[in-house]
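Here it is, the structure, as structure tokens.
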Amino acid sequence: MSINLSAITAFLDKTLSVDSIPDASRALNGLQLENEGAVSKIAVAVDGSEKTIHAALDLGADLLILHHGIFWQDMQPVTGISYRKLKAAMDGNLAIYSAHIPLDVHPVYGNNALLAKTCGIRPAGEGLDYHGVSMGVCGEFAGTCRELAERLESALGAPVQTFWAQSEEAPAGNVFICSGGAGNELVQAARLGCRTYVTGEGSHWNIPMADELGINLVFGGHYFTETFGVKALGQLLKDVYGLDYAFIDMPPSAYSH
Amino acid sequence: MSINLSAITAFLDKTLSVDSIPDASRALNGLQLENEGAVSKIAVAVDGSEKTIHAALDLGADLLILHHGIFWQDMQPVTGISYRKLKAAMDGNLAIYSAHIPLDVHPVYGNNALLAKTCGIRPAGEGLDYHGVSMGVCGEFAGTCRELAERLESALGAPVQTFWAQSEEAPAGNVFICSGGAGNELVQAARLGCRTYVTGEGSHWNIPMADELGINLVFGGHYFTETFGVKALGQLLKDVYGLDYAFIDMPPSAYSH
Amino acid sequence: MSINLSAITAFLDKTLSVDSIPDASRALNGLQLENEGAVSKIAVAVDGSEKTIHAALDLGADLLILHHGIFWQDMQPVTGISYRKLKAAMDGNLAIYSAHIPLDVHPVYGNNALLAKTCGIRPAGEGLDYHGVSMGVCGEFAGTCRELAERLESALGAPVQTFWAQSEEAPAGNVFICSGGAGNELVQAARLGCRTYVTGEGSHWNIPMADELGINLVFGGHYFTETFGVKALGQLLKDVYGLDYAFIDMPPSAYSH
Amino acid sequence: MSINLSAITAFLDKTLSVDSIPDASRALNGLQLENEGAVSKIAVAVDGSEKTIHAALDLGADLLILHHGIFWQDMQPVTGISYRKLKAAMDGNLAIYSAHIPLDVHPVYGNNALLAKTCGIRPAGEGLDYHGVSMGVCGEFAGTCRELAERLESALGAPVQTFWAQSEEAPAGNVFICSGGAGNELVQAARLGCRTYVTGEGSHWNIPMADELGINLVFGGHYFTETFGVKALGQLLKDVYGLDYAFIDMPPSAYSH
Amino acid sequence: MSINLSAITAFLDKTLSVDSIPDASRALNGLQLENEGAVSKIAVAVDGSEKTIHAALDLGADLLILHHGIFWQDMQPVTGISYRKLKAAMDGNLAIYSAHIPLDVHPVYGNNALLAKTCGIRPAGEGLDYHGVSMGVCGEFAGTCRELAERLESALGAPVQTFWAQSEEAPAGNVFICSGGAGNELVQAARLGCRTYVTGEGSHWNIPMADELGINLVFGGHYFTETFGVKALGQLLKDVYGLDYAFIDMPPSAYSH
Amino acid sequence: MSINLSAITAFLDKTLSVDSIPDASRALNGLQLENEGAVSKIAVAVDGSEKTIHAALDLGADLLILHHGIFWQDMQPVTGISYRKLKAAMDGNLAIYSAHIPLDVHPVYGNNALLAKTCGIRPAGEGLDYHGVSMGVCGEFAGTCRELAERLESALGAPVQTFWAQSEEAPAGNVFICSGGAGNELVQAARLGCRTYVTGEGSHWNIPMADELGINLVFGGHYFTETFGVKALGQLLKDVYGLDYAFIDMPPSAYSH
């Protein structure tokens, strides 16, 4: 059984509002690489690395859906790494589709919405303004900081790094979740009234910044906070088109030998 | 015993070439805050946080030398955090001097030169080009990747995060050291011919990037790679002016309660 | 008797629409410097100069309201003049609040509206467009050019410099008032149909420009056209909070010894 | 007797280094308007106003040399004022040549050099940096502030506005002269070590700025500080080509009726 | 019989929405050169060249209406070519009015609308987006490619250059017409669904581009596609004001001797 | 027999100074697409069109050298045309190398130098300044305009379009040759003193521009002026490496069916 690539692409573009949601140019949301036109097996993953492409090919996939696409590191001439990746994908008839900000902010399939839901946080407040789009999810967590950390570690499947403003037994309060590398955004989130800020990773100076602002800061890992969206898209395409999908888990540790 | 603040400032500006080395505007290298004019006790630290300022005051310092100054988080109106920090420093007669890139790249007192030296790496190759200034230190490490990691952990006093291209028993080869948050610079360093790239911290996508480039990547911690320079300046001022100095150690963990 | 600084700040921000009215970055409208939190005596003045700060401290003020704030000359490191001014204000527990364009354009407390009113000019026409905000006041003056000059000198308390297109006995006609240093704006004002343009100061070439456009030009003095707004704010805070205020008169001549 | 316009233009361009000295685009240094090719009578003036053009025509001039040319107010369509000015000049066969910064900074014929010379100030120090060109003249005045003011009034033929840092009986010291509207440059001049700053005109806030910097400030009038250069060019052309010239004196007061 | 220039100018500005339609700065739409105020004879032409101005003067015109005005080649000093053109026009009392994009896009008098109409193409689809204005006309041509070419040659009075995607006997289909030098816009037009793209001229690489996109490309000549609008304005002014007009035909070949 | 692709690439990069000669980003000079590493047959062509790629594959080439590379029309996602072109080239193991400005300006293998040589014009004067690189060739042609046109048509193998300032029997004089689409550069070339300007193509307004400047203008066809360089590179590689090469001739007419 197979489905037209163009039908899937059109469905995803529309579901994720790919044409209207702003993003960095390197994200290049939408179809990034065609194949010969049909899709029978889908792989989903966070990063468009060479390892991920080979894993998708090993799975027999003909469509790979990514959060960080294959232009992330600014491919220009099709030489070296770019050549190896495009050549492998093309020879294996693997199409590649990517969705970055559109997949962070989607209210149902987005990384933020899904991480919040998994932790029992119901979206209540305003998000950050990203060129007119609301980014991040804010809501009350009914427990202590320590309990939030446990809940996050269970949701992410990985340890978190925590910086508590008072003590781990204080209530976590209003929690703002912004997946990926959004450390600098903690200032805006603090202005919106959160007591705890959760993101994937940040810069070193976000740590004294949070301390001075008097808010809790939690780093959950860039990768681990962004597996939710692509898995949800895989499941969605399975539901809609009946196509099988597999999640390729390629955390940082997978890149060390 | 005390020394004129203006004499010390002029000496540091000249030693570090503060006027000619390019930097981000928020770095604002040089004297950032005056005091009443005399210096008898010096504190040095990495970050200009509120906690660091209070620690310097507790030590009785009247000059605080920083790597990331007090304008790092872009102070504008003197309200809230800015007010608290400036008020505390001014009331305590604490002058503040900051040196960022000039202190990363200095061949004798710079973070890169000193970290390389501590690891037994002798600078040999070219540095990265930072607006015409050579940044980072490159040299051969005569040992395996595992041995380099051990040497770094001992030098930094903190665990490192490693991504080995082949195996930890392979030779580390040409090692490029670039302190702080210079993950994206690994591409340039790879072009300059290094086999192992060491920096403080980076973005998640630096990890698959290193893998695709076939080079080893080591994150040593932004803070831990940048304690060398300010300590060396403290010692230098002690040698030149006979003034006492203390290093204020305020690693990330110090900001969690 | 004292009032919370934050209450006064919030009241002024709202009254003057400080958050939504555009301005140059150096204006930094709103609270520029905190104090320990309470206000019992207010000083108002046009310029945030060192002399003005000392005059406010001599009056025992704990809040100084300015038209040109203390960042006007682009403070960056807190050294030299910046250090002296901030140190004096902080040691004297003097908060500083500034409002520039918001205080020029306010329909009730604005410099333009009040100068027009004092001269018997009722706002009738359109203002200049300043990034979407209407700036300046235009209305008929029922008298000759000479009579307008007399009326202005009495309102400003200072001599004016006049350039009459025809004769001082011609009717002043439609008068456009734009406080401060808005000489170049006379071209726009001429397009809006005024016969006489009044501003504080301009460049030399505004003079032949007015002549070629066939309109009257009056320079009333930058300082003298901008005392109205801060005095009105002082009176407003007295009415609302019952706090005493004093106007610090520091015209150009006060800076010469 | 007449001389080719192109010969005069080439001579002035070379003498004043019009091609290599930087300037604002509206200055448009060099020949701004051709005539039929011959020059027999020259007029020189500061501003390219309509009144000046008519005065030049009344004098029978066929070349008008200006400091502020006819594009100063950014002519675009040849309508209204622009039409009237170009039409009058063209109908009267009047060529127009303009030199702005090149005529401020010239060591022999420049406004700054000549004003300094007239006041008995011998250039000694460094000038301000204007895109790589040295602007302004700095030298010792052997007298008091009051004596300098008298000397300036006599040289300029107009009253000056003075702001003395200490007293008019203090020595004027190192005097920096920068003709025209260079008020904001006083900060740079102060850094170069002058005790007294003389310019044509400035903004209101230059006055407290000078006070805080502890330097004397003198405003000599934009127009009056810039008559020297064009007169010197007239005399130069008389000496070289034997052509008669007249200076058209059109100070601000000439524009009021 | 004569009409006020200002009345005609105001009428054209309004008819063509000159104030609100965006354009390149060199287009300078509207009145570009005044005359003494009255218009009795109108000339219209495509380009504001020296030859065209002399032709208009030979016809006794006192208003010349252009598509590419006299600032097209960025006049700055009024010397050389600029002097000759302005001098000739002014001496001959010839006013010049220009309309570029406003005359390409006008639904009745525009080049695109009129060329489409002449070819029997009824506007049906969307235009290209030019800073918020719809540019170009799209509609079905009921004939073959060869028939379209014949129709265009007859409308333009000049041979066209054709690049057929399939064959000249295939249907021309949806035709997009964009007058002037709009070769690069074929990509956008292809996205809007046209099968044939007609413009005046383009770059060499538009030719393989059209081939790869599978659309027909026709170059009709920049000049020849833009004679319609100015002729229509001439006729309009004749209808409204009863003034005579003449079209000055100055195709490329007229510039060779 | 085959040669390493990397050897050829390094040789061309060095010969053409690809790293130091400035160009538009879309030119992307150097290797644009890898193959599996060996080259045994070379094709050279002007444009990187789909037709050219297929022609190269039909010839059995494994290296295609272009003047306008495959990123000329700004490929981004590898879909549609980009996909088809990359897929065809990759499947056929065809590497692609491109050189734009470096191949226009090269003194031996450059389009300008070779076209001048073919016409018997010896480079004598200065070139245009292109970001610090000298572009175009200027030299005396010892014949009439008509003779130059004949010489050019024979060299280019295509008719030229001519605009003579005086007559075709006038001497051609100093001829400036600038291959490709350099119509606007005629103003600069005229300033450098040429009497005749030859380029591939231009905009319509270059024609009256040349007339007003009084210089001859010749359009030789963008394509036809740029076949010289790639052929010379093919011959050079044959001489150096003994590899066979073929020139793929794909003029504009080849794109019409």
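By letter and in written order, the chains are A, B, C, D, E and F; residue numbering begins at 1 in each of them.
Keep this in mind: contacts are C-beta pairs under 8 Å (C-beta built on N, C-alpha and C of every residue); 3 or more make two chains touch, one makes a residue touch a chain.
Not measured: the values here are computed from a predicted model.
The chain pair C-D and the chain pair D-E differ in C-beta contact count, and the higher one is C-D. Legend: contact pairs of A-B compared by residue number with C-D, A-F or B-C; the interface matching in over half of them is C-D. Comparing the residue numbers each copy contributes, chain B and chain C share more than half of them at their mutual interface. For the pair chain D and chain E, the distance between mean C-alpha positions equals 46 Å.
Taking each chain's centre as the average of its CA atoms, chain B and chain F sit 51 Å apart. Centres computed as Cα averages put chain E at a distance of 32 Å from chain F. Centre-to-centre, using mean CA coordinates, chain B is 63 Å away from chain E.
Multi-chain contact residues of chain B, defined as those touching 2 or more other chains: none present. Chain contacts in this assembly form a single closed ring in which each chain touches exactly two others. The cyclic arrangement of chains, taken from chain A and going next to chain F, is A, F, E, D, C, B. Against chain C, the residues of chain B that register as touching in their complex are 28, 30-34, 71, 76-80, 83, 86-87, 90-91. Residues of chain E that touch chain F in their complex: 47, 49-52, 68, 72-73, 81, 85, 162-167, 180-181, 187, 200-201, 203-205, 207-213, 221-223, 250, 252, 255-257.
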